[in-house]
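Letters A, B and C mark the chains in the order given here, with residues in each chain numbered from 1 onward.
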Amino acid sequence: MGHEWLSLWSFLYGPLSIFLVGLYGLLTQKNLIKMAISINIMDYGVNLFIISLGYVPSAEAPIYTDAVKTYLPVFADPLPQALVLTAIVISVAVTAFILALTIKIHSQYGTTDLTKLGEMEL
Amino acid sequence: MIMQNPVLLIAVPLLLAFLIPVFSSFFKGAVRFIPVLAGGFNVIAAALLIPQASGDVAVTEIGGWASAYGISLLFSSQIGYMILAVNLTALLAIFYYILNERDLGSPLAYPIAFTLALSGANGMIMTGDLFNLFVFMEMTAIAGYIIAVHKKGYLGTFRFVVLSSVGSAFFLIATASLYNATGFLNMAMAGKNLGALSTPFISVISVLFIMALSSEAELLPLNGWVAPVYRESSGAGSVFFASVFSGAALFAVIKVMLIVFGINYAYVHQGLLVLGLVTLAAGEAAAFKQSNLKKMVAYSSIAQSGLIIAAVAAAMRSGVLHNGLFNAALFQLINNILAKALVLLGIALLGQATLKEIGGAGTRKKWLGVFISAGVLSLIGMPGFAGFWSKLFLVRELVGNRMFVFTLVFLLAALFEAYYYLRFLQSLFLGKSTTAASLPKTSWVTYILLFVLAALIILIGFAPDVIIRAVSGLSLGGVL
Amino acid sequence: MKKVIALLLFLGLLFFLGTGLEQGLKLGDRNTLAGKAGEAYLKRTVNSADPSASPSQVEYGSETDIEENAANTLTAVVVGYRSFDTLGEVTVLFLAATGVMALFFASGKKKRLALAKPNFILSVSSGFLLPLIILFGAYVFTHGHLTPGGGFQGGTIIAAAVLLLYMAGNAYKAPATGLKVLEGFSGAGYLLIGLAGLLLTGFFLNNFLPSGKMGALFSAGVIPVVYILIGLKVSAELSGIVSDYMGED
């Protein structure tokens, strides 16, 4: 029973909590940089979630080597790992863009505080 | 044979976009014509592919891998018409950029963004793989960020980036969960294996997918970026948002709903129907209060997305696919793409922001007034224009299927829409300008762009059966 | 008040997502590969009639003609079976680099970002480390089909070398135009390989080179070629982003 709970926590609720911490940050933080960090936390949670879905009990990395020469049912699922690779690259791309955008907002309005920016926008 | 592969609609713009930095070091000025090349190629290729496609969906495998495991593209005559409409409006918007807005911002970045936006939109429309849809969604999103900052609208763009990042996180959770539970990323295979799963799981997955796509499809809950981005974007940029991105994303929602969830899960479509109707009502109410023209069109665009999604959900909810209603929704989608592009280009040419400022501009620039009126009247649904037929078909099908609540909401929304668009026309022709500023000059070449769109709207208005036959029934034949 | 609402949303979503997904997911010890796409990728039996039932043809170190001959199955998925995703991913990174460039375009006088003065150890060792880092990056992306790593990882390592140069002294300036051209060329190269597949075999992004012996450096057909192009492209893109942030044109 305890084992089952641990597996649910580490493969489902844990990663989802990290994702939701990021979402919480997006909703409550006023600083644009902190919002960018929140987006990153969100992405980490999602990536951890995807990786944990590819977990197979006592498995090896999905690479053929001298030790594992032919297909044996001992490999971890390669597909979630491939998805995470793509997702990481895309989140890097978005982070680069959003930080550059923050720099431009700061140089135009002189602040990165969302409440002050909201007043200027209107 | 090889040249008839729909993958070229994605690959050729990609190749041209990668070549832009290479070309720019040799011929600086010529770079801005590359998006025209890409758009022109896509329009011609789509027009050539349509006659060879049938109503059934044909699957094109990428890399030669069996479509359940590899990535595949779906193509049918309906998808072809959708691609044609999206690429044609995009091409006209790119011409508009070259003629009127080429001095805004970096001369290298915007051609790249426009070209890749075409690839991304075509990919979203055609792909048959869930994760591939995510990649194309991100491609259009980032191209969209670049297009949104065209006129230094940083704050609106920031909101856009945040909301679509949340959306893509939802999409990843849904896709990965679906893979774990069904074993496939291919939409048709995932949908086939979905039957063995429990109701709570399927409802969570469907909510996640709808939320994820809601950012680009301009549906609630993640559409808070739409109004600020439209307000601050350039003329060509606003057409890309209203016609290209939202058209592609709406089609992607329809595709996911149809292929993954099918017609077997009434509760999924019931939820989608409610979401669509709420979006429709909220969008029309917000547009009604606006005096800023671009924001008005932005909220109207949100409302139309809601309407189309609600109609599609209603068509699928009772366990059989109501072809008539489904086709009417697709017809409305295509009409909306064309008319919104015309109205937004017209508003950009007026050069004024609010209802008061444009007072009487239609009498001073008669041709512009005529073209804007054609777009607006089609959006309202005036007889003789394309929009009339799609709204008529919608009402006929809704009443025929005894969906009276939907009909009531739809008619009320249409009334609101007619009111604020007619208010716009009244101000355009009868109002008095409050600003002394003279209107910017418009070249006759720009008028040709507007003429093409207006002519299409009127042509469809005269012969609606051609289009309705073209978009009739997305058949599942080739997919399953 | 806002925080309370956000907290409630947190708990509500955790409950909604958790309890819903729990019903369908095969987590932890209950997860198997049987019948999934991942199993067919590992066995390289994607195109056989019944991928999960047919036996795998894979044999490390021998010259068998199997679907994808990369020893690293992850690479076989990323640049083989799902290469179209990777093409899109490369494009997304290209777009982001373009977006950063567009944002920093013509922002008045360009002034280089003032970094802390590098200390003696950093400025001396950077010249010594630079070739090693670049060599390591190139190793990672040329061996992507055999060992963990690949174009993205190797490209990032090389871009780190460029960042190191920026941090080590004020004299260095990345060649912005050259990087952009390199990006364009390597991206176009990837696409041309895809189009060559279309012309030669009838399928976009299909392999048209001999696949060799699994585990050898020259094996797996177009995969290493594509990964080298991706490595060049990613290193150029990330270096371009670094130099855009440093703000000198």
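In the analysis below, a residue touches a chain if its C-beta (ideal position, glycine included) is under 8 Å from a C-beta of that chain, and two chains touch if they have at least 3 such contacts.
Quick caveat: nothing in here was measured; it's all calculated off a predicted structure.
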| item | value |
| --- | --- |
| Chain contact topology (line, ring, star, complete or other) | complete |
| More contacts between chains, A-C or A-B | A-C |
| Computed distance of Cα centres, chain C from chain B, in Å | 31 |
| Computed distance of Cα centres, chain B from chain A, in Å | 29 |
| Inter-chain centre distance, chain A versus chain C - centres from mean C-alpha coordinates, in Å | 16 |
| Shared interface positions of chain A, touching two or more other chains | 16, 23, 53, 79-80, 86, 90, 93-94, 97, 101, 104 |
| Chain B residues counted as touching two or more neighbouring chains | 131, 135, 138, 142, 145, 149, 173, 177, 179-180, 185 |
| Residues of chain C touching at least two other chains | 17, 21, 25, 31, 36-38, 41, 82, 85, 89, 92, 95-96, 99, 103 |
| Interfacial residue positions of chain B with respect to chain A in the complex | 131, 135, 138, 142, 145, 149, 152, 154-155, 157-158, 161-162, 165-166, 168-169, 172-173, 175-177, 179-180, 185, 228 |
| Residues of chain B defined as touching chain C within the complex | 1-2, 5, 7, 11, 14-15, 17-22, 24-25, 61-66, 68-71, 105-106, 108-110, 112-113, 116, 119, 123, 131-132, 135-136, 138-139, 142-143, 145-146, 149, 173, 177, 179-181, 183-186, 197-198, 200-205, 208 |
| Residues on chain A engaged by chain B in the complex (per definition of touch) | 16, 19, 22-23, 26, 32, 35, 39, 42-43, 45-46, 49-50, 53, 79-80, 83, 86-87, 90, 93-94, 97-98, 101-102, 104-105, 108, 117, 121 |
| Contact set on chain C toward chain B in their complex | 16-17, 19-21, 23-26, 31, 35-38, 40-41, 46-47, 51, 67, 80-85, 87-89, 91-92, 94-96, 98-99, 101-103, 105-106, 177, 180-181, 183-185, 187-188, 191-192, 194-195, 197-199, 201-207 |
| For the chain C and chain A complex, residues of the former touching the latter | 2-3, 5-7, 9-10, 13-14, 17-18, 21-22, 25, 27-29, 31-33, 36-38, 41-43, 56, 58-61, 71-74, 76-78, 82, 85-86, 89, 92-93, 95-97, 99-100, 103-104, 107, 147-148, 152, 214-215, 241, 244-245 |
